[in-house]
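The structure that follows is given in the form of structure tokens.
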Amino acid sequence: MNFEVQLGRTIFPNPVLAASGTFGFGLDFPRVANAIGGIVTKAITVEPRAGNPPPRIYEFPGGIINSVGLENPGLKRFRAEILPRLARLKSRLIVNIAGFSIEEFGLLAESLSSERVDGFEVNVSCPNVAEGGALFGQDPKMVERVTRVVRQQTDKTVIVKLTANFIDPVETAKAALAGGADAVTLINTLFGLALQKDGTPFLGGRTGGISGPAIKHFALFCVDRVARAVAIPVIGCGGIMNGQDALDFISAGARLVQVGTASLRNPYAPLEVWCELRLLCRKNRFKNWADVIGRTGRSS
Amino acid sequence: MKQLTATVTDVQRLTKDIFSIWLNAAELAQTAKPGQFVNIRVGEGEELLLRRPVSIADVFGQKVRLIFRIVGKGTAWLSQVPKGCGLDLLGPLGRPVRIPKGRDILVCGGGVGAAPLLFLTRRLARQNRVYVVLGAKSRKEMILVREFKRLRVKGYIATNDGSLGWKGTASELAELVANELNRPIVYACGPRPMLQDIVARLPGHEIWGFAEERMGCGTGICHCCALARKDGGYIRLCRDGPVVLLNGVRL
Amino acid sequence: MNFEVQLGRTIFPNPVLAASGTFGFGLDFPRVANAIGGIVTKAITVEPRAGNPPPRIYEFPGGIINSVGLENPGLKRFRAEILPRLARLKSRLIVNIAGFSIEEFGLLAESLSSERVDGFEVNVSCPNVAEGGALFGQDPKMVERVTRVVRQQTDKTVIVKLTANFIDPVETAKAALAGGADAVTLINTLFGLALQKDGTPFLGGRTGGISGPAIKHFALFCVDRVARAVAIPVIGCGGIMNGQDALDFISAGARLVQVGTASLRNPYAPLEVWCELRLLCRKNRFKNWADVIGRTGRSS
Amino acid sequence: MKQLTATVTDVQRLTKDIFSIWLNAAELAQTAKPGQFVNIRVGEGEELLLRRPVSIADVFGQKVRLIFRIVGKGTAWLSQVPKGCGLDLLGPLGRPVRIPKGRDILVCGGGVGAAPLLFLTRRLARQNRVYVVLGAKSRKEMILVREFKRLRVKGYIATNDGSLGWKGTASELAELVANELNRPIVYACGPRPMLQDIVARLPGHEIWGFAEERMGCGTGICHCCALARKDGGYIRLCRDGPVVLLNGVRL
């Protein structure tokens, strides 16, 4: 069976990617990076960011909450120091870009449209500083504008990473489509608050983002909903720990999947998910991958 | 760094809540250096998602020793792994301690903090003059005294209640010892207040400390283990540490 | 310490309530019902509803997904057969009402404003049939209108049970306040989809609502957010399994809490949560309950 | 119904995946009636949130017997509870079976479905003529034959592969037996296809079946255990069942 997926001009050799922020820049585990469908880098911002004070991670049964706070070396150092080292990876490379204004998104896409980069994942889960700090991703109009600006700056694959916090992702997926995106990723972390026994916030960043198995069924709901309502390829993400989870997202309508939190437990997780997915396909005797994608929606 | 399954060959209870286990892990034993740690998968199913970091306390032949205190679900689970079972672990992780030559060395451990210092002291003692201070709340909570003795280093013991050795804290005793030494390099491991106290008591010294912070991955890919640098920004403790020059960070 | 809480004209003897849909009508466990702060009934609709086909419940580590589908005997039979039997309970009685049009909400509130009823919990997580089936609770304007209609029909306590699915609860809480509500409950279940191995939906109702510990930290986020932004009392709900969980919600700003999924495991759970909460207060030597409510928000 | 802690006094493995446990639970033993079940807390922590329903298979003095097949995490956990441990359970739950008098009775159990029929048959046999059909895939998977024999009822055995008794399904054999009886009341417990098959084979008979559906609470407060009535609407299986007149429901 052929598992290749094309989004924009990029052909992913298989449908399992490493999710943003949970696989560094892909340099630490080249064997994994080269064997899976591709890697999405940690978010890159125009200016370097130190990130949030510790603790940055809270664990609860079935999930974690992180408040890394977009720590990253910034556009310049990423281009000068990290991008050249990424040349030695063969894998598809998607750069996750996070701006605090529409212009910053444009600048990031323009500056990073180098040969090595296959595409961008537009991270709209950051506050729009110019307009009162509401998150870009919670305003369909902003999502469309951001997507359009990125689209104008690059002919690389453009993926918009949507949030499902307090916004119907169908609306933002339509906006991303209108803005010219090649795909959307669903979902980014859910908002979360963890407290210490004395009632004060546990995380240094006060609140954080929930990921892991606890958000899987909400993410599946979102993928199913968007895949049936919007004519844009969906990349599924949220609590994928094994091949069956990946298959669930694909059944629900995802063309590709991303493995996040699982890589924290085991940096080989994306590769293991891909191997297990392939085994499941053999066990289930699937004939045609296209029949599997979105079968949930066609079943009812 | 490798993912490996290591068989537990021995489990020992050292105090009420401190356990020691020996693992059969030839490659790890050969490659691990003082200051490094392993990240251990704990529990079954998805209840405990993250691994638990534990420092390498000692190495002997093909075996690796881990010593840990029970503080929550993960370490409680670890204390109950029966002999003969396999542990899923990633390691060795972290940056090895650079071993100096021909220096006066002061090693200071508080509570379970003595554990990683055992492996370190073994290596330091080859080419340096090592003085070891071990502290604990009381005699009952003191660990590894015999092991350190066998290394033939000069040892000092402090307990808060005076039930063994000098009465006082490890850092108080460390200050007294340091004053007798020639520009000693200090290596300290223990609770955060102990590390802070040592830094306060020994200004001008080169002090390396085993720092701790909540970790996500232990392998450097998640940026969760931030430790603040004095000159701004954070280091990744699992990569740039866990042993760091305390003079340069904000604990 | 005095744990009484007043909302509207109702004085709740203590802050732990049984959540809607997870304690029947309170008749099965009168000892529990009488000892806790009060009970919220299963949702009542104007017409009787058979509910969704089975299976109606899916379990995953840390949570469940239900698709009961508002099964209930309808307004008439509830008034004729169940309400009279509720006379033998001493507990505060909040009736959860669910309408499919604004008028239905008004009718429910009017018809049920009997002596025995202390108040209403307005369940806005149902589709607005007249206007294309979008959920009332996802449209602040609708929330305000529904609340106002209920307010006009009754002088009982009016609580609006908000959803945080695809809508910022700050907006709907403001709407509830504007409509005249005495309090809001946060949160109702999160949207969820569970699949069988063959990719078809597991639940008879296709999708369902996620509850239990998996949603606790998202619910805490919502409570903290609303409590700091809107001047309306909040009732916290979502994954409360023990006294510490209840205390977390109160620290985050909830005046009362509701115990849902925990009662499925153990029908005595609401009472146990209340006992544990009291013990924790003693252990923590709280002097003044008002200092505890919302201390998270004041800490940072 | 009470919440109680019952000590496991005996654990027996009946087949590859069917286990029998005896519990010390005086009050439960006295109040439980055939057709009722208990809802058992399984696992530690919050991984398995819901209890697992298991029918009462037998009662003897102060003791209650449960028999279950391992099909997932909850039943696997249950099979590993050691003798002497306490189980947290709610019970008795569900509506007791009404016991007729002076009738021909046909009892039909498939697989682990034989379990709750043992307790029922014991009570039925006092004032009725009871005929029991037990079915299983093979001899190895047949349970409780000896126990039923001791009840001195007329017994028939079927296995799919003919390795014990008649070769065929329990429902096929039940049809043959029923035809010899005088307007028998039928009680059946087994997989859903077996129940459906019996209803199809024995039209016009009063057939009571142990139905199963995913449960939330088992105590009637969540309305998750819906079973469709033929005349519309649903019953709550944990309240109005689990033993229901199969003629009136849609399986």
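When the chains are written out, they are named A, B, C and D in that same order, and each has its own residue count from 1.
In this text, a residue touches a chain if its C-beta (ideal position, glycine included) is under 8 Å from a C-beta of that chain, and two chains touch if they have at least 3 such contacts.
Every value quoted in this text rests on a predicted model; they were computed, and no experiment measured them.
Following the contact convention of this document, B, C is the list of chains adjacent to both subunit A and subunit D.
The interface with the greater count of contacting C-beta pairs, when C-D is set against B-D, is C-D. Centre-to-centre, using mean CA coordinates, subunit A is 33 Å away from subunit C. As a whole-number value, the distance joining the C-alpha centres of subunit A and subunit B reads 37 Å. Taking each chain's centre as the average of its CA atoms, subunit B and subunit D sit 57 Å apart.
The multi-chain contact residues of subunit C, meaning those touching 2 or more other chains, are 61-63, 213.
Listed for subunit B are residues 45-47, each touching two or more other chains. Interchain contacts join each chain to each other chain, per the touch definition above.
Those residues of subunit B that touch subunit C in the complex are listed here as 45-47.
Across the interface of their complex, subunit C is touched by residues 3, 41, 46-51, 90, 213-217, 219-228, 232-234 of subunit D.
The touching residues of subunit A, counted against subunit B in their complex, run 21-24, 28-29, 42, 50-59, 61-64, 66, 68, 71, 204, 212-213, 241, 261, 263-268. Contact residues on subunit C toward subunit B in their complex (touch as defined above): 61-62. Residues 60-63, 65, 138, 164, 166-169, 190-195, 197, 199-201, 206-207, 210, 213-218, 220-222, 224, 244, 247-248, 251-252, 292, 295-296, 299-300 of subunit A touch subunit C in their complex.
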